[in-house]
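Several structures are given next for inspection.
Common to both upcoming complexes is chain A, partnered first by chain B, then by chain C.
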Partner chain A sequence: MAEKIHTKGKSSIKRSRFIKYFLTYLFMLLLSLVIIYPLLITVMTAFKNSDVVAFTLSFQGPWTLKNFQDLFMTTLYGKWYWNTLVISVATMVIQVAVVTLAGYTYSRYSFAGKKWSLTFFLVVQMVPTMAALTAFYVLGMLLNGLDHYWFLTLIYIGGGIPMNTWLMKGYFDTVPYDFDESAKLDGAGNFTIFWKIVMPLVKPMIAVQALWAFMGPFGDFMTARYLLREESNLTVAVGLQQFISDPKDQQVALFAAGAILIALPICALFFYLQKYFVTGLTAGGAKG
Partner chain B sequence: MKKSPNQALGLSIIPGLGQFYNGQKLKAGLFFGAFLIFVVEMIFFGWSALTGLITLGTVPMEDHSMFLMVKGTLQLLILVIFIMFYVLNLRDARQTAKQINEGHKIPVSFSEMRESLGTNGFPYLLTMPAYLLMIFTIILPVLVTLFMAFTNYDFNHIPPAQLIDWNGLENFKNMFFLSTYRATFGAVFSWTLIWTMCATTLQIVLGIFVAVVAHQDFIKFKRIFGIIFLLPWAVPAFVTILSFSNIFNDSAGAINVQVIPFLNHIFFTHIPSIDWMTDPFWTKVALIMIQGWLGFPYIYVLVTGILQSISDDLYEAATIDGATALQKFNNITLPAIFSVAAPTFVTQYTFNFNNFSIIYLFNNGGPGDVGGGAGNSDILISWIYKLTTNTTPQYGLASAVTIIISAIVIGVSLLVFKKTNAFKMEG
Partner chain C sequence: MVELNLEHIYKKYDNADDYSVTDFNLDIKDQEFIVFVGPSGCGKSTTLRMIAGLEDITKGDLKIDGNVVNDEAPKDRDIAMVFQTYALYPHMTVFDNMAFGLKLRKYSKDEIDKRVHHAADILGLEEYLERKPAALSGGQRQRVALGRAIVRDAPIFLMDEPLSNLDAKLRVAMRAQIAKLHQDLKTTTIYVTHDQTEAMTMADRIVVMKDGKVQQIGTPQEVYDQPTNVFVGGFIGAPAMNFFNVTLDQGYIYDEGKNFNLKVPEGCLKILESKGYEQKKLVFGIRPEDMHTEQAFIETFPDSIVSATVSVSELLGAESQLYSKVGETEFVCKVDARDFVQPGTKVTMGVDLNKAHFFDPETENSVY
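Up next, the complex of A and B:
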């Protein structure tokens, strides 16, 4: 009798465990499907004939690379891509340099106005970029910066400074002060401590900052659309939207091919640096 | 020799004199030089810039009101910086005199000053580029926008052909009391709130749920699932949003052509095609679902990190005490998540409140029209964009809406940050 109950309990545990396993995997598979399906549609469409109308998943040929060829031969896509690369690299280099210096300072030094300016950074980063759009335009007219990359680049750099300085400071804070102290005892100067001792330890966060700064201009639509007018001066985000913005003449295949060429390198960088920014995120997030 | 701090302070009313009194000749020269530069700047540029800001120009075609406003705002910033320098100068004279009296050695020569600057001025030197960039790309433009909200800058007043005038609170009055704008503002604002609440809550709940489910020990292929779940974050958002706007196309999109027929086929239902792009209700539903898709990976990554940091002992102790799975989740897991991630959650809400890309790129704020140039799915930020880019731009009104938005976002964020004690101001 007692034994019977025991086996019965065992099988019910087994069954409930089976249900748990089943539901878990079912959920994860369904979610994967929902994530992959729309992405796969875009990837597939890129290799379809350019007269394709329906934006659906189909594994039927004919397959072609003509869209990619058209992209560079008949549209300004190559130019747009180059424009965006120039802006992205400039933004990345300058922003990372500026933010690293500022973040280091806020982490390591105490000086008059520190607390006040940190709060100021926090408030400033909450103001939406949109708030300044018309002002950017007028400023651009005044400084002859409309349709010029230096102006757009400056705006991208400046806009990222407050939030990224906060993140950078949070990460610098995780490097123990003892390192600085012992280096100072050994006679190292300010610069040596910064460059030789602390910098190597925050490389992961710098990699993340670089990635985000680099990705910014690729993803920004609003500011670029507002400040760049000449067709050949556009960034790739604004240009790509033009392929499908006219409801009567949507070139979905061309769009899909262009989308892939943007998404692939960024995805690759993203997954390459993933482990860094996951730690950066939780370290920074935990501390604030 | 004893110095009188008060006399040093008094002399510093003209910057440099107090420092001279303290025996710091070089510093005195520098301070006085900075003072002179400011006075000269004020005479040749500053004064006219400030009066320009007040009048906003008097002669059409000759005075460009907006340029005058930008220059005047810049001059205001210069003035503020000078005042900060001035206060610093007063304090410095007093402090140095005190230090002399207390027997401290003060830097006098060039090499001494350089050394002193190396330690005390180093922080300012390092943060200088950040401040300069922020002044020109954030502070100046935001101030100009703030001023614009109190002017009549619109399609009837385009400089340099016409002048712009200050019109006080007119724009704010129009927004709340002029019937057309009031109706539009009400409609857009309430959808903005619904959108922010639904979309953000969906992405947070989904993110937490996925993290908790995927964190279970028995799961195989964790790495592969991990990569798949990150894809929506890794692919640039504008690419996916544009793709989704094709996928939800009423006549040619995958949802109506492929997904709905497929579901009908399996479940023997008869769901008809849905007007995703032309029916306001369904556009809104689609937008919220897409934002859930786009936004959950970030939360998932964050929460997974937190879950890994919770000690197993807690769960074991709870199990011994006979806690159910749900009790463990409510009393151990959730509090741990919120204690770390609450500030991030708030930023997600404020992010969606201003999530321009998805609204604009998915259906251009459409379909239809709720007056004032706004479409049915327009949120405040995309309405502002339309107000400034359509054929009859309303820059003043747009700036007024911007100010209201910014005030809401900053107010709510600060309140929550203060409550959750995030962003601790240590050191």
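Up next, the complex of A and C:
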């Protein structure tokens, strides 16, 4: 009798485990479909003849690389791509530098207005970019920055600072202050402590910040659309949109090819930064 | 040669109303091993951090070799410190952790190599030099933290509860290692702990603190034998000293319920009487080890007997501790393991009044 109950219990555990795994995999499968389906359409379309009229999933040829050739030969895509790269790299470098220093300052020093300005950051980042577009435009006019990269770059950087400073500060806060004090007694000055002790321990967050800042300009349509005029000055997102903006002549294949190329630098950066995406860097240093 | 003088040191944090450290005075001689001991929040760590330069000194002078160093940055004070949390740099190997301070001070590569290997040798860390802190055990990390101080060859070591994160056995082992290290290196050391055993076993001189104030400064023996007040008496020694509220009456002391009537020895009595405590209340302190259950003792001193029922008894192997109560006062008596009795047993205990301590109930200061 007792044995019977025992085996019964065992099988019900097995069943519930099966159900758990089944549901988990089912959910993951659904999610992958949602992500892969549009991606697949884009990839397929990119290698088809330019006579494709709508985004549909079809695995029938003929296949060609002509779209990629056309992008660079007959359109301004190459120029847009370069524009975007310049803006992205500048945004990434400057934003990461600013945000890291700001986050460190907020985490480690106390100064007048610290609490107030942090609250201000929090409030400011609640305003959506869209609401500020008109203000950006007016600002651009006043500063003579319309249709200039530097202005767009500044807008991107400025938009990223509040939220990311908060994130950076939070991450710096996880590095125990004991490290700083220990380094102080070892003879380190403020900069050495920042550069040699604390910075290496926040690399994961810096990597994330860099990736985000880099991706931003590639994905942003609205702000660039508003602030850039001249066709040769556009970023890829705005430029690509022109391929499909005419309802009578949508160059779907060209659009797909251009969209795929956007992913390349972002993927490359992601794989380069991947080694920094690790947790537990501060493990073992301090116990308490 | 290094001498350290703390003269009327006060510390008040910006957002606090009261002083965290009040009028701290101490002259530390070269090669001395000083232990600051006290309960949590007594200001011992704050004082240590002021010496290190990690906290500002609100008032008073801190002198190293006669020079006031209040405003000197930590790195210019040439002090090495071991933190409670070890504070090893997690991204550096053991070697780099120890070498960091030397590199910053621009020592040559050979010299750094020599010093780190020497320290690793002393601490048994040679085989771990290439490991990162995460791959070390708690005891090893603690040794690296010590090594980091040793390589610096700094004239002053500060240690902030360095053993409190270790398990009991390791703590005893590391205690011995630190004591030996001090004998070998003879570096002036200030050690902060809340563990009176560490204080008693390691210190040349103990500084007992409470509520930001120094209660007593003295050798372990002095602090143990002649506590200046009730707090020191109760804090130093394990188990803690027993205290009874008594009244002195014609050579005898009795407690409120007159549960006992003990004869005060001549010399002691004279002093108490001369200080005007006849017919007055006193706090009578006696250490658990100065209470005896041996028949011989009880027969020799029939005037020094307390009878009580044991409520809890602990056998510790070599000795046993009997917890009992007279009137409302609980006390503990440390006796030989052979004299272990079961809880509930009524026991007669002899009190060695030659070891008695008397304190004023108002001021809590020692009167004998």
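By our rule, the second predicted complex is superposed on the first by the 231 of 288 C-alpha atoms of A that agree within 3 Å, B and C clash if a C-alpha of one lies under 4 Å from a C-alpha of the other, contacts with A are read in each partner's own complex, and residues count from 1 in each chain.
The rule is short, and it goes like this: a contact is a pair of C-beta atoms (placed from the backbone, for glycine too) under 8 Å apart; a residue touches a chain by one contact, two chains touch by 3 or more.
Please read all numbers here as calculations on a predicted model, not as lab measurements.
Q: Just checking: does A:257 make contact with chain B only, chain C only, both, or neither of them? Give me first, second, both or neither.
A: neither
Q: Answer with first, second, both or neither: which of chain B and chain C does A:187 touch in the superposed model?
A: A:187: touches chain C, not chain B.
Q: On the A-aligned overlay, A:197 touches which partner chain: chain B = first, chain C = second, or both, or neither?
A: Only chain C is touched by A:197; chain B is not.
Q: For A:224, decide between first (touching chain B), second (touching chain C), both and neither.
A: Neither partner.
Q: In the superposed arrangement, does A:176 touch chain B (first), chain C (second), both or neither?
A: second
Q: Who wins on chain A residues touched, chain B or chain C?
A: B
Q: What residues on chain A does chain C touch that chain B touches too?
A: 281-282, 285-288
Q: Which of the residues in chain B come into contact with chain A in the complex?
A: By the definition above, chain B touches chain A via 66-67, 69-71, 118-120, 122-124, 126-127, 129-130, 133-134, 136-142, 144-145, 148, 210, 213-214, 216, 218-219, 225, 227-240, 242-247, 249, 252-254, 257-258, 293, 301-302, 305-306, 309, 340-341, 343-344, 350, 354, 356-357, 360-361, 381, 384-385, 388-389, 395, 398-399, 402-403, 405-406, 409-410, 413-414, 417, 422-425, 427.
Q: Using the touch definition from the top, list the residues of chain C that touch chain A in their complex.
A: Going through chain C, the ones touching chain A are 52-54, 73-75, 79-81, 83-91, 100-101, 104-105, 132-136, 138, 141, 148, 152, 165.
Q: For the complex, give me every residue of chain A touching chain B.
A: Listed in rising order, the residues are 21, 24-25, 27-28, 31-32, 34-39, 41-42, 53-57, 97-99, 101-102, 104-106, 109-111, 114-115, 117-119, 122-124, 126-128, 130-136, 138-139, 141-142, 154-155, 157-159, 161-162, 165-166, 190, 215, 218-219, 221-222, 226, 237, 240-241, 244, 250, 252, 255-256, 259, 262-263, 266-267, 270-271, 274, 278-279, 281-282, 285-288.
Q: Which bits of chain A are touching chain C when the two form their complex?
A: Counting only chain A, the residues touching chain C are 176, 178-179, 181-189, 192, 196-197, 200-201, 280-288.
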